[in-house]
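Before we start, here is the structure in question, set down as structure tokens.
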Amino acid sequence: MKHKNKHKPRNNHNSIIEAKRNPKQTSKTGGTFVDKLYAYRDQHAQALFSSLGRLVASRLNALLTVIVLSISISLACGFYLLIMNTKQLTVDLESSNQISLFLHDDVSLASANRLANGIKLDPSVQMVKVITKEQALKEFEDFSGFGDAVRALEKNPLPIVLQVIPKNSLEEGQNVETLVENFKQAAEVDFAQLDLHWVKRLQTMIEVSQCAMILMGILLSLAVLVITGNTIRLEFHTRRDEIIIAKLVGATNSFVQRPFLYSGFWIGFFSGINAWFIVTLMMLILKQSVEKLSMLYNSSFHLLFMGFFETLALIFVSSMLGIVGSWVVVQIQLQQLKS
Amino acid sequence: MKHKNKHKPRNNHNSIIEAKRNPKQTSKTGGTFVDKLYAYRDQHAQALFSSLGRLVASRLNALLTVIVLSISISLACGFYLLIMNTKQLTVDLESSNQISLFLHDDVSLASANRLANGIKLDPSVQMVKVITKEQALKEFEDFSGFGDAVRALEKNPLPIVLQVIPKNSLEEGQNVETLVENFKQAAEVDFAQLDLHWVKRLQTMIEVSQCAMILMGILLSLAVLVITGNTIRLEFHTRRDEIIIAKLVGATNSFVQRPFLYSGFWIGFFSGINAWFIVTLMMLILKQSVEKLSMLYNSSFHLLFMGFFETLALIFVSSMLGIVGSWVVVQIQLQQLKS
Amino acid sequence: MLEFDNVSMRYQEVGDVLRNVSFRLTKGEIAFLTGHSGAGKSTLFKLIAMIERGNRGKIMFNKRDLSQIRSSQIPYIRREMGLIFQDYKLLNDRTVFDNVALPLVIMGYSAKEINGLVRAALSKVGLLGKERKLPLTLSGGEQQRVGIARAVVHKPLIILADEPTGNLDPELSAEIMHLFEQFQNVGVTVLIATHDISLISTLNHRVLRLDHGNLVASVK
Amino acid sequence: MLEFDNVSMRYQEVGDVLRNVSFRLTKGEIAFLTGHSGAGKSTLFKLIAMIERGNRGKIMFNKRDLSQIRSSQIPYIRREMGLIFQDYKLLNDRTVFDNVALPLVIMGYSAKEINGLVRAALSKVGLLGKERKLPLTLSGGEQQRVGIARAVVHKPLIILADEPTGNLDPELSAEIMHLFEQFQNVGVTVLIATHDISLISTLNHRVLRLDHGNLVASVK
């Protein structure tokens, strides 16, 4: 706000006639700098709380605006949490992307261990696990359901298996295949198998959901922006007369826009808090069934909630959204009013 | 609209002074009924198209309203399609919920077939498939990756297996287990295995996603309703003076609300069409990656788009939403205006 | 045509605005309503137009007791009145033509009839040629005359004019008064609230004088 | 203080509304601006207040050429003026007190100063005791006086009053004129657009007469 040409009254007479008119003063002559600072702060504080007061006064109005905004913000938040939770899930699933190296029947456990240690040195390998014949049989029994059948066998027909988990293999399906080719070269290896089928499925599933999420994200961001802008624009419209009149009696643009910025702030602030509650409520409702699922998967998956800093960020961003939205709308409208 | 007390002018003089004033007329005396009908239709047609004209005139205003509404409607639609597509997926996955009956080693293929036919008669069974020893070995080789190991065996260690697919088994996990118990009683059956682990996982996954979807659905319906109502309310607010003045010069409530109902209709109508385009565009973007996934699953999964009747329903519902939303808001506001 | 019988009106906070007002206007009569600022003139008009309703006493208009009228019937009573408001009450986003046509549109006249009647009304108040302008691009006096045209365009039974000449020069004021007298001649009752002493004195009509809500004089 | 030098103003569609208007008001002078409805009085005021700007010719106010003022400086010039509008232009959702206080709030006065000045201004127009009311619950004349109070509350250099007594009774009009004369005595220039012939004739001030945009007389 500019202070140039601002009248500072010096006298405090009650009659406006008898009091000698104040000569025109610039900010350099009227009052000390500190006085001016106080007046400036007062004016801002007053605008901040009177804007809250106005919001409370037009209850239904403000309530609806906050509801609309908080729903769109909580949709965006829910979407964010979905992404974060899915990311966690992806990490979890990565372990199912593994290479099984079946060694020749006559390879001893010692040389198998040696081979495993060699493979471990490969920079693209994350982990190697040696599965002995006995473990393999046990696992096979458990996994395949052919337990009795296998147990009936006199001799364990299964070879030693090395389970190799490559690094970041999910992202680069091609690389994994060359890795498999490499492993096949080892003398001890009978044949190698990559559960590529699974990798591809997972990759495509992730692709699809990422695609869907990006689309949803774009749509939601758009929704939040448009809804915020539209709500503030309509609020501006209902207060158009007020602005015109204030400008006619000498209000600067910054004076006119201040209450809008403040009510934008309040609306954004309360919408953010409200959105947090909506999202947290939704997550709490989801929590139980997700944990059941996680238990069945034997996974360490834990539902992510809004963290402390994320909550702060949410409230900050929604407040900013309110302020910026108001600012843009007010600028456009002030342009249209011209005079 | 009531026609009582409606003035119908009889003369057509151009001077308002010289023309004798029309005596007060009720609809029973002034003009024929058909005339009245025409006037009524004209008035409605005029209101319908003038409301469109007003929407076009306040372009930015109407555009923003339609954008906001169409985004929320398309979110709801996308959500609907998600459910429909997931349902399809569920049906697809149902086949993985099967019971494997491992028969005793000495059971002949003929008696296995006889047993299978017996089981087929059970009303809760959908399908029974007999897997011969040879098929089982082949499948085992393909599936387990232990091909070479198995091929090294002299004698096929695997029994005949009956694959039983129960009806609607996904929904009633408990029932399936009793079914399995029954099958176990048969003399030919060595042991029975139910991939209950998978069933439970699937059930829980579906539970979780259903829960999430219901929450999203509630939130979205709320959003659509509140946004529609709020937008119309604010539009009403900007036209409050117009309504007050119209009522002061003798407008009935139905006359006042008519343009709002019509512009509610137009807004809903265009939002519906717009939402259809948004949803279809999103589905087209998703199509490719979904089809890749579907291929990998060897499934007959096809992405569902908005069908013809669904499109009609969408446009109908969004138009109705516009009309009903306007109606509610107008009623509330007219109540507040009292006189 | 119009009869006030011991009518009182009170607003919360300010108390009685009208006190035991009784008078009677016959068909085709013109009367002035005067009184200081805040005397209750506009309030009296609002009671007749049923913009405010909570009065005591009885108001009879065209043989009907206004306190007996149901809300849904108010529009039809208002169509028999021509209201000129102190603050014009024009639709600022509609043209002059549309503003004047509003009562006719509401009453379901055909487009052709509307066109003729609106142009006739506008020519009577000297605004022919300004049909396409928006109210905000008119001068104060021109806006006031748009309000007058709208009040008379549908040939009401009674014209209630609240300060109709406040923004008009003396010549135009005289013309508007002449317009009202023409309506009087075809049997329309006219009640005019005004501060314009010279207007009242040059014309020989009955004068009702309000003072702090009391009717203190009713002279010819 | 105020000088018009060959000022013309045209609106698209309607053509010239002011034609070569030249006059000069010195500090502490009162002048009436008259003319028929639509003569261009309000337009002349709008040019001074820079509500409309596209004029030809030169307008000097307080030694500054108004055509040289940048948009961002307009608010500071307006604070030296007291504008009374023909249609009041009050904030209908704020109390009378807030309406009158608006110019002071904008100029950053302290709450205590505002309280004193607003009450003084309201008492001058006879509205003390109505501070808490909303404009729509006031009579027409009371609203007009709120507008007058708002225009004088911050002691402007010039008062531009557009039809300030259109809805006031003769006694109140005289009081308002007296108020303007008090301001004149402390050096405030006052320009009053009015149709009220009796008011003009009883007071001995200069009269500027507009006719279809031409200044046809400037007599004392």
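First chain written, first letter: the chains are A, B, C and D, and each begins at residue 1.
The rule is short, and it goes like this: contacts are C-beta pairs under 8 Å (C-beta built on N, C-alpha and C of every residue); 3 or more make two chains touch, one makes a residue touch a chain.
These numbers come from a predicted model, not from an experiment.
Novice: If each hop has to land on a touching chain, what is the smallest number of hops from chain B to chain D?
Specialist: The fewest steps needed to get from chain B to chain D is 2.
Novice: Which chain lies the greatest distance away from chain B when centres are computed from Cα atoms alone?
Specialist: So the chain farthest away from chain B turns out to be D.
Novice: Could you work out how far the Cα centre of chain B sits from that of chain C, in whole Å?
Specialist: 56
Novice: Taking each chain's centre as its mean C-alpha position, how far apart are chain A and chain B in Å?
Specialist: That pair's centroid distance is 27 Å.
Novice: Indicate which of the five shapes (line, ring, star, complete, other) describes how the chains touch one another.
Specialist: The chain contacts form a single closed ring, each chain touching exactly two others.
Novice: Every pair of chains that touch: which are they?
Specialist: Taking the chains two at a time, the touching pairs are A-B, A-D, B-C, C-D.
Novice: Can you list the chain C residues touching chain D in their complex?
Specialist: Touching chain D: residues 11, 13-14, 34-39, 41-42, 86-88, 133, 137-143, 145, 162-163, 166-172, 195, 197-198 of chain C.
Novice: Using the touch definition from the top, list the residues of chain B that touch chain A in their complex.
Specialist: For chain B paired with chain A, touching residues are 64-65, 67-68, 71-72, 74-75, 78, 100, 102, 105, 140, 144-146, 148-150, 152-153, 157-159, 190-191, 193, 197, 200-201, 204-205, 207-208, 211-212, 215-216, 219-220, 222-223, 226-227, 229-231, 233-235, 237-238, 278, 282, 285-286, 289-290, 292-293, 296-297.
Novice: Going by the contact rule set out above, which residues of chain B touch chain C in the complex?
Specialist: The contact residues of chain B facing chain C are 2, 4-9, 12-17, 19-22, 24, 39-40, 42-43, 241-242, 244-253, 255, 339.
Novice: Would you pull the chain D residues touching chain A in the complex into a rising list?
Specialist: Residues of chain D touching chain A: 49-53, 72-76, 78-80, 83, 85, 89-93, 102-103, 106-110, 112-113, 116-117, 119-121, 124, 150, 152-155, 157, 179, 182-183, 186-188.
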